[in-house]
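Written out below as structure tokens is the structure these notes cover.
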Amino acid sequence: MTTPYTLVDWVLGDGAGWLARFIGAILVWAVPITGFVSFVGLLSIWLERKISAHIQCRLGPMEVGPHGALQTVADGVKLLAKEDIIPADADRILFAFAPMLAFAGTIVGFAVVPFGPGLIVADLDIGLFYLAAVGSLEAIGVIAAGWASNNKWSLFGSVRAATQVVSYEIPMGLAFVTIAALAGTLSMVGIVEQQQGWIANWFLFRNPFTWVAFIIYYIAALAECKRAPFDLPEAESELVSGFHTEYSGMRFAIFFLAEYAQMYVVSAVAAVLFLGGWYTGIAPLDAAIGGGTAGMVVGAGVIVTKSFLLVCVQMWLRWTLPRIRLDQMMYLCLKVLMPFGMLTLVGSTVWEHFLPSPAIVKDGGGWTGNTVMTGVVVAAIGTVALVAYVRSVIRATPSLRAASNS
Amino acid sequence: MNAPHTNSPEAAPTSDVRSEEMLLNMGPQHPSTHGVFRVVIRTDGEIVLDSESHVGYLHRCFEKHCESVSFLQSVLYTDRLDYLTSMGNNLAFSMAVERLYPDLKIPERAEHIRVICAELNRIASHLLAIGTYGMDIGAITPFLYCFRDREKILSIFESICGQRLNYNYVRPGGVAYDIDDSMIAAIKDFCGYFRPKAQEYDDLLSNNDIFVRRTANVGVLPKDLAISYGVTGPSLRGSGLKRDLRRDAPYSIYDRFKFDIPVGTGEKGTLGDCYDRYMVRVREMIESLKIVEQAVAQIPDGPFKSEQLKGKLRPPKGESFVRVENSRGELGFYVISDGKDVAARVKCRAPSFHNISLLSDISKGCMIADMVAIIGSLDIVMGEVDR
Amino acid sequence: MDWSTIMWWVMAAVTVIPAVMIVLSKDIVRLAFWLLASLTGVAGLYILLGADFLGFTQVLVYIGGIMVLILFGIMMTNRDAVLMRRGETTGGAMLTGVVIAAATALALLKVVKDTKWKEAAPVEMPATTARVGEALLTDYVLPFELVSVLLLIVLCGAAYIARRRPEET
Amino acid sequence: MSFGAYLQSIGHSAKTIVAGMALTFRYLVRPKEIVTIQYGSKTNAPKERYIPDRHRGIHILETEKCIHCHICERACPVDCIEMDGTREAPFDGAWKGDGCWISSFTLDLNKCIFCNLCCEPCPKECIHMGMEFDAAAYTRAHGVKNLLTDAPQSEADRAREAEARTLIEAAEAESKRRKAAAKAAAAPAAPATPAAPGAAVPKPPAPPAAPAAPGMPKPPGAGMPPPPAPPKPAAGPAMPPPPSMPKPPTMPKPPSN
């Protein structure tokens, strides 16, 4: 390996065996990942509150800290201090175990999510496959929570979570496969490396089908995070609070944190798969930054920014849309997203066969990018079409038309 | 409700796969039962096989109360019936008391103020119904938008009568206080403000495909079933029957205003589904706005309460029944007076009570999520159901 | 004892102890979660053998798919009927169980004894994903497709059997 | 469903979702559309008053006008008003009304439904619904408001109260000085200790010099006792002028003349 792609390699050197690297990874990464998850949780919850507030003509939290930035900390302290209640007829062991399982299921996903060039816990050869595999672990925690609560509403939440898992995993896997077929690798770093250079090298702009794949992935990711319009397992107005109805205090906080961490994971994966990972999309800029520590820092900033933008879109969606029904969720996942995902997979590979995208080729040891773009046409047309579409929708919408006229 | 599994056959048409049945208590503490209302649901998975409504958690002996407090004091108890349409309740009870007097003349100005307040309150009530309905379906933002606009109406009411919810404003013989120019200006402002805002609810909810799919073809209430249960108000009009007391049996001065009566057309699904009931409310707000605009334009000067009703109310012996088109349906008050200053008997015909009674009929075979949608579309207020 | 051996023992424990607990547990949902742990251990063993793709397939299919479906099935059935019925084993059943278990154990022991064990797998294994993929689409394409078709038929059959027939109701 | 209808329904869903998102995005990026105001210590409330004149808040009583007719008590549908007093003669601890002496006038806010029916029949228009809406209390006992003594809690009223307090203190000092002079003149006079809280001590009628502040005893220690409820942040705008006589919070009632 010419460049140390993981921090662990960097610390231990190349000579270490993979098991040593494995143990080292745990030791080196456990603390920063946990800290990062907490940070993601705090920031996302604050963002959620502010975004929802501003969408709804409200101020949101303003008291604790500047613009309520520390409100989440205060809430966390409150939740820590709350009494730990376990319902009398609950399955006590599972009840206590479920939040940990959900949180662990989320946090293992961070193992293959890169935070920047070289900032990745483990660049597995099968990173994408690993993500698909561990993505459903959180759902197991949710199912356990709903069962253990011994509450019928919670049980319905569990059942819905199980239904949701088997529904969204298929289109999500198809979106993964579409990108994997383009990239020819399952490694997250390998996928990012193929998107270096200009913005048109991003997988989103490779061909028209990857747009569809992105949308399919994003919808499935919403379902994976149990975010509206797929918040069926906790569906507040239907199931009281769904699977966490009986949870309070710190156990509830862990579920909460897991949800927001999951939002970050899926958004970071979207950034890696479709939006160029840690590359800015401007070839000279990337070249000027170069590798090394500067590249690490800038790259980390870029990918975290991209991820948080996608997280914000998730929030924006949540505060706009009503919740869909369980059968509609299954209909959407299995009868809309899945056919379209298959179409995308086939279409994308056929497109690549006849109209290969810019030559990003594996040349000897590393990836070399050809920045002369054929894909720029796709990118330009796609962007123009998107803008035109949004404009036409706005024009067709009375209240928006009135607002833009005035 | 330990019902034996006898009447399940036609109950689960949408279910192909069998699983275990479960009894589920929805309420009395549930976010979507709109108050302390309890439905016992027998479910097969998510499919509702059967449901049974239990009411009475909010019973306050309103009718008995009226036999022990004076007529004037009874008015403010009517506030608490349908606490979202207190003006309409006040109006109905006041009219029932007024009808006990043989030749009572209500001043023109008072009548106009009553209509303005009742219609504004209808808008406020429908706003809340639409907003909470959106929240039942899972959209929280329209709820906040509706509340933002409802607050404007409540502020107008507060400037008129000092309270935001329990107005105690319309009294036998007129209204409690006059309204002045600044209040009329505020009402006119609101009329101008509200029309474009009403489109926002359409863009966010009524036209939204997720919302339409959640509500269309759900909880279909056929016309004859609605009539047989005595359903009134938007829930009845959603089934396509053009019945509105303001037009069919005009009271107060409603015969002077031009307005339409929106009815359900089954535009997105079946006639009489949740979407129709919802859309009737959305459209009624605009019709109410029309009435308010006309009433504000022609409001005359003069006294705001009748000079004939001075001092303690002692209606002559007799009985009266008055019904008005409240925002949830036909609200009726039956008052018997035996010449004293307290009523001998008061009976309230509460629309929500009749509307909720058919819940188990139209919710068979739906999903739990649909149950929430159906309860929301019937728009009940438990203060009125339980009285 | 090197890392590899330590990890092997850990994974073996994670596989076997929950497996014993599955037998001992009387609560069917607990049992399902013990199964979860056991399957995780098996996945870990696969990864230790260098079959990372197979290991994560184990996680994806068994934990993400089958476990969820098992839990789903348990939850949709009556809790009292399944959960609360404690096993009451009669003497005869116990005897039969012991005999069968002993026979199986003997057979297994014989197999273990007779197998010519190879050296431990090399620590650094090359990536298996590409090889698995190639093998599936070249040498084993017919069995692979046959199994796919079989699974599809099973799926359709299950859906057909579970479907409530109109004349039944 | 035909394939065309299937595609059309997907397109329609996408369109309506985009429309909704455009609408919410418009609000998201326009902070001036925010309509809520902050409640509590910080405020972004508009400068103009947002509580109308007719607001039905916690009652205020103009004690001097009250003729102790019990009409408000009878008008109350929930019996939350209780008053006591006499028209016979002044007595210790009584507040002076219009030709009457009122010993207590309490309003149980736990029961009150703010219907305004007590204010409407009042022949002297001496009981009003105030501007104050924050009726929160720690115990139910705190919900019982003594209209004679309990202070309104809004800031403007507290300022007014403070002003009255200085007047009272001045009058007190004056009375003390006079008493000292009287003591000096006649040694075996009545034991004229300043009133302690909770014990109304007979006192010679105060001079009618300060109509806004009848002679009130100063409790031991400087200043006034704090209001019974913890001071709440002034969320409301200025209170309307309170009744002509400012009322110190939970004071031992002095003889009024």
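Quick notes on this one:
Think of it as A, B, C and D in the order they're written, each chain with its own count starting at 1.
In this text, a contact is a pair of C-beta atoms (placed from the backbone, for glycine too) under 8 Å apart; a residue touches a chain by one contact, two chains touch by 3 or more.
Computed from a predicted model, the values in this text were never measured in an experiment.
The chain with its Cα centroid farthest from the Cα centroid of chain D is C.
The chain pair with more C-beta contacts between its two chains, of A-C and A-D, is A-C. The centroid of the Cα atoms in chain A and the matching centroid in chain C are 30 Å apart.
Averaged C-alpha coordinates put the centre of chain A at 55 Å from the centre of chain D. Distance between chain B and chain D, defined via averaged C-alpha coordinates, is recorded as 36 Å. Chain B and chain C have centres, each the mean of its CA atoms, that are 58 Å apart. The residues of chain D that reach two or more other chains are 15, 17, 19-20, 23-24, 35, listed in rising order.
Among the residues of chain A, those touching two or more other chains are numbered 55-58, 159, 319-321, 397, 399-400, 403.
Residue positions of chain C touching 2 or more other chains, listed in rising order: 76. For chain C in complex with chain A, the residues that touch the partner chain are 2-4, 7, 27, 29-30, 33, 36, 52-53, 56-57, 59-60, 63-65, 67-69, 71-72, 75-76, 123-124, 127, 129. Chain A meets chain D in the complex at residues 51, 54-59, 62-63, 316-317, 319-321, 336, 389-390, 393-394, 396-397, 399-400, 403. Looking at the complex, you find that chain B touches chain D at residues 69, 72-73, 76-77, 141, 148, 151, 155, 158-163, 166, 168, 176-177, 200, 203-204, 207-210, 212. Against chain A, in their complex, chain B makes its touches with residues 14, 22, 24-25, 30-32, 45-46, 134-141, 144-145, 148, 196-197, 199-200, 202-205, 208, 210-211, 213-214, 367-370, 372.
On chain A, the positions that touch chain C within their shared complex are 17-20, 23, 91, 93-94, 97, 124-126, 129-130, 132-137, 139-140, 143-144, 146-147, 155, 158-159, 162-163, 165-166, 169, 186.
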